[in-house]
Amino acid sequence: MNHEVRKVLEAVKDGGMSVDEALLKIKTEPFADIGYAKVDLHRKVRQGAAEVIYGAGKTPEQISGIADTMKRNGQDVILITRLSPEKAEAVSREHEMTYYEQPGVGIMGVFPVPDGIGKIVVATGGTSDIPVAEEAALTARVLGNEVVRLYDVGVAGVHRLLAHKEEIMDASVIIAIAGMEGALASVIGGLADCPVIAVPTSVGYGASFHGLSALLSMLNSCASGVSVVNIDNGFGAGYLASMINHR
Amino acid sequence: MNHEVRKVLEAVKDGGMSVDEALLKIKTEPFADIGYAKVDLHRKVRQGAAEVIYGAGKTPEQISGIADTMKRNGQDVILITRLSPEKAEAVSREHEMTYYEQPGVGIMGVFPVPDGIGKIVVATGGTSDIPVAEEAALTARVLGNEVVRLYDVGVAGVHRLLAHKEEIMDASVIIAIAGMEGALASVIGGLADCPVIAVPTSVGYGASFHGLSALLSMLNSCASGVSVVNIDNGFGAGYLASMINHR
Amino acid sequence: MNHEVRKVLEAVKDGGMSVDEALLKIKTEPFADIGYAKVDLHRKVRQGAAEVIYGAGKTPEQISGIADTMKRNGQDVILITRLSPEKAEAVSREHEMTYYEQPGVGIMGVFPVPDGIGKIVVATGGTSDIPVAEEAALTARVLGNEVVRLYDVGVAGVHRLLAHKEEIMDASVIIAIAGMEGALASVIGGLADCPVIAVPTSVGYGASFHGLSALLSMLNSCASGVSVVNIDNGFGAGYLASMINHR
Amino acid sequence: MNHEVRKVLEAVKDGGMSVDEALLKIKTEPFADIGYAKVDLHRKVRQGAAEVIYGAGKTPEQISGIADTMKRNGQDVILITRLSPEKAEAVSREHEMTYYEQPGVGIMGVFPVPDGIGKIVVATGGTSDIPVAEEAALTARVLGNEVVRLYDVGVAGVHRLLAHKEEIMDASVIIAIAGMEGALASVIGGLADCPVIAVPTSVGYGASFHGLSALLSMLNSCASGVSVVNIDNGFGAGYLASMINHR
Amino acid sequence: MNHEVRKVLEAVKDGGMSVDEALLKIKTEPFADIGYAKVDLHRKVRQGAAEVIYGAGKTPEQISGIADTMKRNGQDVILITRLSPEKAEAVSREHEMTYYEQPGVGIMGVFPVPDGIGKIVVATGGTSDIPVAEEAALTARVLGNEVVRLYDVGVAGVHRLLAHKEEIMDASVIIAIAGMEGALASVIGGLADCPVIAVPTSVGYGASFHGLSALLSMLNSCASGVSVVNIDNGFGAGYLASMINHR
Amino acid sequence: MNHEVRKVLEAVKDGGMSVDEALLKIKTEPFADIGYAKVDLHRKVRQGAAEVIYGAGKTPEQISGIADTMKRNGQDVILITRLSPEKAEAVSREHEMTYYEQPGVGIMGVFPVPDGIGKIVVATGGTSDIPVAEEAALTARVLGNEVVRLYDVGVAGVHRLLAHKEEIMDASVIIAIAGMEGALASVIGGLADCPVIAVPTSVGYGASFHGLSALLSMLNSCASGVSVVNIDNGFGAGYLASMINHR
Amino acid sequence: MNHEVRKVLEAVKDGGMSVDEALLKIKTEPFADIGYAKVDLHRKVRQGAAEVIYGAGKTPEQISGIADTMKRNGQDVILITRLSPEKAEAVSREHEMTYYEQPGVGIMGVFPVPDGIGKIVVATGGTSDIPVAEEAALTARVLGNEVVRLYDVGVAGVHRLLAHKEEIMDASVIIAIAGMEGALASVIGGLADCPVIAVPTSVGYGASFHGLSALLSMLNSCASGVSVVNIDNGFGAGYLASMINHR
Amino acid sequence: MNHEVRKVLEAVKDGGMSVDEALLKIKTEPFADIGYAKVDLHRKVRQGAAEVIYGAGKTPEQISGIADTMKRNGQDVILITRLSPEKAEAVSREHEMTYYEQPGVGIMGVFPVPDGIGKIVVATGGTSDIPVAEEAALTARVLGNEVVRLYDVGVAGVHRLLAHKEEIMDASVIIAIAGMEGALASVIGGLADCPVIAVPTSVGYGASFHGLSALLSMLNSCASGVSVVNIDNGFGAGYLASMINHR
């Protein structure tokens, strides 16, 4: 990659490319020289210290190969999401990797020292939402954020949540994760002064309709400062939270 | 009606009708002798001191006529729901009636002295939910219940709700009314020890889909003791609350 | 737990805590001193003699451990819902437990003597609704209620239902459970004078859409005194019925 | 039309057209010679004594013109559905017509003497369903059927329905019309031994979703012999009932 | 059963029961004396020569036992629907039964001689709809009807359908079965002069949404005389067709 | 516009712009020099002789102004869609324009001589679909196509359609427009050898759900060569048909 | 308000209230002393220089009264959203106010000097989305942000968007507003390095289903850093953008 | 088949059949003489050099048999879609066949020399959409088209797409395949001057609702010249593209 970046920079220097075009080129085509695979950058994480591989739909060999290429290009920390235990085992034979089974996340390298504005709070309504929460939390940590976990603080026991009002009021960004009625985002949004990223989960049964109930609930939040990502999209929430925490 | 009831009772006395059948007969056909109209009892309110007329789809003349018949049969208090201002004005020319414009409710006679077990709390998430809440509250009062109103205590400002925890913990039944994300029912359900009747409202816009969001949210409540009635069905909630409060 | 409750009461006595706060504290955090796990109380059953563990998503070891803690805190009857046969077998090795396979319910201890106002009738439209009905019935019994079962009394043979009008008119609360067209709640609601809790089930095929048809049908019931819980939520109905039956 | 039919029959006689083709030709193109308009036959009623004009989307002039053509072709009875009061008034200036305002139906000529196998029962759950019921009843009468009306016999008061079991068991076909939870079709289907045509109506509010609730309920009927037509489609039900009653 | 029927008839003779009540009693409770099981009559087939057992959710032992009781009560032909191959094998060890694997139907006894008014045509849009069609066809045959099968005559090749216009115009009732766009019912409805029962199937993928597309299409049919049953409900269509064919 | 195009061409000649970029520039920004308004080109019709203005949401003054600019730039034929009668009248005061009220289309200039490969057939299921059909037909004519109209050839009378098989088999492209069950596209698709563009319309009531039924039906068409545009999108179909007819 | 805040601060000083509790009190109950109305703060904007009144469902008198109270409490800038022209005129008689008709926004006072980190870009897909965009833009300006408007840069003409890549890459936050297919958020998300707040609008027809299409599209964005608010919720987006821009 | 075609042609010669009828006969019943199976022609591909077998729901023996018949009738190239690896292996034992595992496509014979107007571009948003794309591409090639593949050019990295603007502007037809937000069709539609066939895929999770999100997005495309086929319907898109490319 260095080679390609060098060419871009030389073009800028020569006046053959504007600064904006150079930025765009670096941003959108960082891996044009990788041979046997077009690396799926899982929505192109370029902000922090880590790179991301979206594990679903890739063979262990492909994942290993992409990781090799990343490492050769100087990447120290690599995040792999949606990684099944079977694939994780296979990848582990080739690379040193810490595997988190519940969220299906593998991490090569060590978490960088947090360099964000403040802390990212990751809160869940129930224990069943934790896998999604961990995907968010690990994504945030790997991108250089300090993370505070508040799990099982659902609104049916609002005092459990209020017991943590200090963490909530102190947060830089909050990720509120809940299935079923998805009310957590509104209650937290009413307590907090920072952006709240709501993640509906597919936890529930019957009229939860695989997350639709929580999704609609969160979109209709009467609290300000709340926005929503896709059902079960822990990675997306962690990524956006890091973006906001690095303004 | 007296005449018909008398006949039923004589049949019971003569052994020509069982007690159960007599009860059922009295319950299901109390107005068989009314000539020009089959009185729509709006789901047959027989429990308290009041009778109910469902105003939608009836002419002022029909409403007046039905009220006449009710009064002749010894009915002191009559509740009319879904009554438009125009119809209310026409009916008022024939009958002394207090009209509540916001919920579209007319009441003939005075509220009975409450004789329930305890108090019914009627809570709303926002001010726009008040018309539905008033339909519920007036229904409950007319059926002989003491009503406590907690309006605009939505979950986005959970401390407004907590400021009323005494009323909530003291209630015999709670009616939780909310549109948008409908989270009020869950938070109240987590605080209270009594049955909570959740009423989703059509308040909101966009992804509230005319109350669907609040409805799903309430059906998925993670708090125990919560059940749900139809969107905007204040009458149904007030009626059921009265039933529970008169166990 | 005694220890913690004692501390709360002493605080009340000293004036350091109001009565309301004490009630709330006792209600919302009864198990703060349990070490290795945050006990999922399955919506905090504190009303009757029993405690509840929501079995889905817990390992047999966790269930056993939570039950141990409950017992040490003086709990005589413990209800475990959504418990698979495999987990039931494992738990049974550690604890004496009666297991009901169809509804997936395990019970430690004996049913308490009923102390409610009257009887809870549990009615189903068909035989396929029985697992949900048994979850409701066992929940109600474990919480101290007398239960009358009326199974397979669906509206397509309305005389089967009418044959039981005595039980229906005599009930304190009725739980009406049905899939497909879900009409049972309306017909029972028209016969009964007590609250009816409607439970839609996912029984059916095609346009039943996994319980949506029964759910909508029940929400639109033209009978008064009917409210609805989530699809297949037998526990929620049994819990709410017990609450109403213990007013 | 006589001219064209004559040509077809001559072709059959000459062997130039098969009997089936002749039937088909007569059936599908009875009005090919009408000049200024392709007559919308509202689903081509050819079975009974009447012809049908679907009034929605036609001007009074067009309706009058089509009726003229029909009369010139020997048609004695003409049914016009979905006819607004304004158009009815205009058409009445040109033609003698009885207008039924509630269902929006106009009829030219007199009802034929019934010649079906038996009686068609038209039943409704509530009074608001009557306009749809009358469209069905008038369609059936105009096509030569005896009609028995059972209105406001909804399932929330099942004894009102049972009071009419004689009519129900005696019917040749039953049209069951209901909005809200739509349970009427199932209860009648369980009582009757004849085909039941279920018509969901858009009567209701909130979670009735403009008739969707009743529609799904009727499609999932657990009673045999029940089939369903479109929401508010009284004409379709009356037409089909007549077909079955003239087997 | 004879014994119970005798008691009913004697009551009628004695004046202790009206004729209607007697009919109703015979109709709705024919199996009150069966001990160990409440026989699921699969929507009570009493019209023809056969009785029906709904196989889904019953053990082979239960099916065998119910069949035993039916036979002892003089039943010659028994139809078992939704019967898996495994259950069929087990039942076959106890009873002589012909098993049709594709539609999952078992039949004990022989098809009765058809005694309906005319022929029932069973038509499908594609070959994948045949299992549903066979459930309908076998139901109709077992209830005493002559059945004509027109399979794979979907509207995308409308001449395949027109090649059979003789059978279509000759039918007493037509069952039109189709998935995907479900247009078959409309085209047949336009050709035929008899009632058309439309059965949407779950055949298709993507935007067929498990039969929803075909269901909506059939409900909106612009042809008269078409009504609809639940998705994949071959039995219901066959039963209703037989009812109409035996007017 | 000439001025701007000239600049582009000069840049190409000078080597300052590639041919592709020039094409793209001409295509995407033809009206950059219009002062007071960014002309909404209604999806930029550049293929034929005409330009298009999407009338909805524009004032008559804006429409007139845009038309002025177009004319000054040498545009002879201008199509205005979704134009209400009121706006049409106002625009007509400034410009000579033929207005078609039913589809809400205004045309300035004369239809060009058709120069496509063959004929475009526009077919509708019913008469209510004609406004959408005319939007399609006028769009196609204005873009230089010969159009054959086949209106009211719905599948419930399939012989009406077959009477036109010559036109269908002769077509270059067919636009099949239908509401309700939307089956027309499949039947035509099965007869024709050319691309069929299906346009669902919002014609219908009840379970047509404002065009959803026809939309799903058309997407699931079992005929090959059929694709679908948005509900009521006559313009889109006419535009695409012209594109295909000018290959 | 000053008075109440003073009391809170004194309590903090005296040790009678913790800092957190004081913050929460100030945050959640700033207007407890207003007599005749509970001020609807439209999701309590406390972050910037402005206060907000949600105009829908309030009378002009109420709006004026609330504004009076705000001004007396030292509020310089007041934003009123969802304000109809009629109400605006009435309010203008009492207060000096700039009214923006298209988005229905009224502003008392002058825009504060921007004090955010960077610029907020507000982009729309089409011109019909501008009212929602202006609600967002005016909200952001009133809360102290510099706003860059990029209107009508929809993805069907992607070069119009690319022409502004400098503004996009330079933004601190981007609000992407689009109806119909809602693809703008994804394309911008792929170009930008900052958080993108997606606002689906109800612009469109047919299968846009009042914004559902754009909503789902935005929730499924394959670009990272994108989150979504409710349909047409310009205020919510502007508020959240300001929050992020003031980190 | 030759035999049957000969008979048709002789009938035409003799004047016993019109040319149109002959064409229709040849088109709709080419395989009437095949004995043991009615060949599913997968929507009758008659245009190019190849014939198609729809593999889903057929046994390997049936597929082989149909292929035999086709070959005997002179068919050189045969396309088999939706063919699982297991069936492919079985079929390969009888016939020489190239099997493409990812799209589940088998091809007997060699690709014909392309004879279309121009090139068909097949573009996908992501790598997960490739199986659907390959079904489209292979269908197009087998029908005699030159195919250009542009995979993984999703809109979140719009420069990847713009890098291929030459291929896009040069295409005769473009097939745009995408799941999730489905925006690819709009962006390509804005760049291209040729018809764009949009194929939504079921790729995605959560609020993608199995392709519904992409489907709605594509139907609402604001670009002209875009039409849509069913979710995952690669074959349909390839077939239609070939039709357009052979105008």
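Should a chain be cited, it is by its letter among A, B, C, D, E, F, G and H, assigned in written order, with residues numbered from 1 in that chain.
We adopt the following convention: contacts are C-beta pairs under 8 Å (C-beta built on N, C-alpha and C of every residue); 3 or more make two chains touch, one makes a residue touch a chain.
Not measured: the values here are computed from a predicted model.
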item: Relative orientation of copies subunit C and subunit E, as a Cα rotation angle in degrees, nearest 5; value: 90
item: Chain copies touching (subunit B, subunit D) - same or different residues, decided at half shared; value: different
item: Centre-of-Cα separation between subunit B and subunit A, whole angstrom; value: 48
item: Approximate Å spacing (C-alpha centroids) for the pair subunit D, subunit H; value: 44
item: Distance between the centres, which are taken as Cα means, of subunit H and subunit C, whole angstrom; value: 54
item: Residue list for subunit F, restricted to those that touch at least two other chains; value: 24, 28, 43-44, 126, 156-157, 190-191, 206-208, 212, 215, 219-220, 222-223, 230-231
item: Chains grouped in pairs wherever the two touch, ordered by label; value: A-B, A-C, A-G, A-H, B-C, B-D, B-G, C-D, C-E, D-E, D-F, E-F, E-H, F-G, F-H, G-H
item: Subunit A contact footprint on subunit B (complex, rising order); value: 125-126, 154-158, 162, 179-183, 186-187, 189-191, 204, 206-209, 212-214, 216-224
item: Subunit G residues within the subunit B interface of the complex; value: 24-25, 28-29, 38, 40, 43-44, 57, 200, 202, 211-212, 215, 230-233
item: Interfacial residue positions of subunit B with respect to subunit G in the complex; value: 126-128, 152, 156-157, 159-160, 205-208
item: Residue ranges of subunit F touching subunit H (in the complex, touch as defined); value: 20, 23-24, 27-28, 42-47, 117, 165-166, 169, 172, 190-191, 193-195, 197, 215, 219-220, 222-231, 236-237, 239-240, 243-245, 247
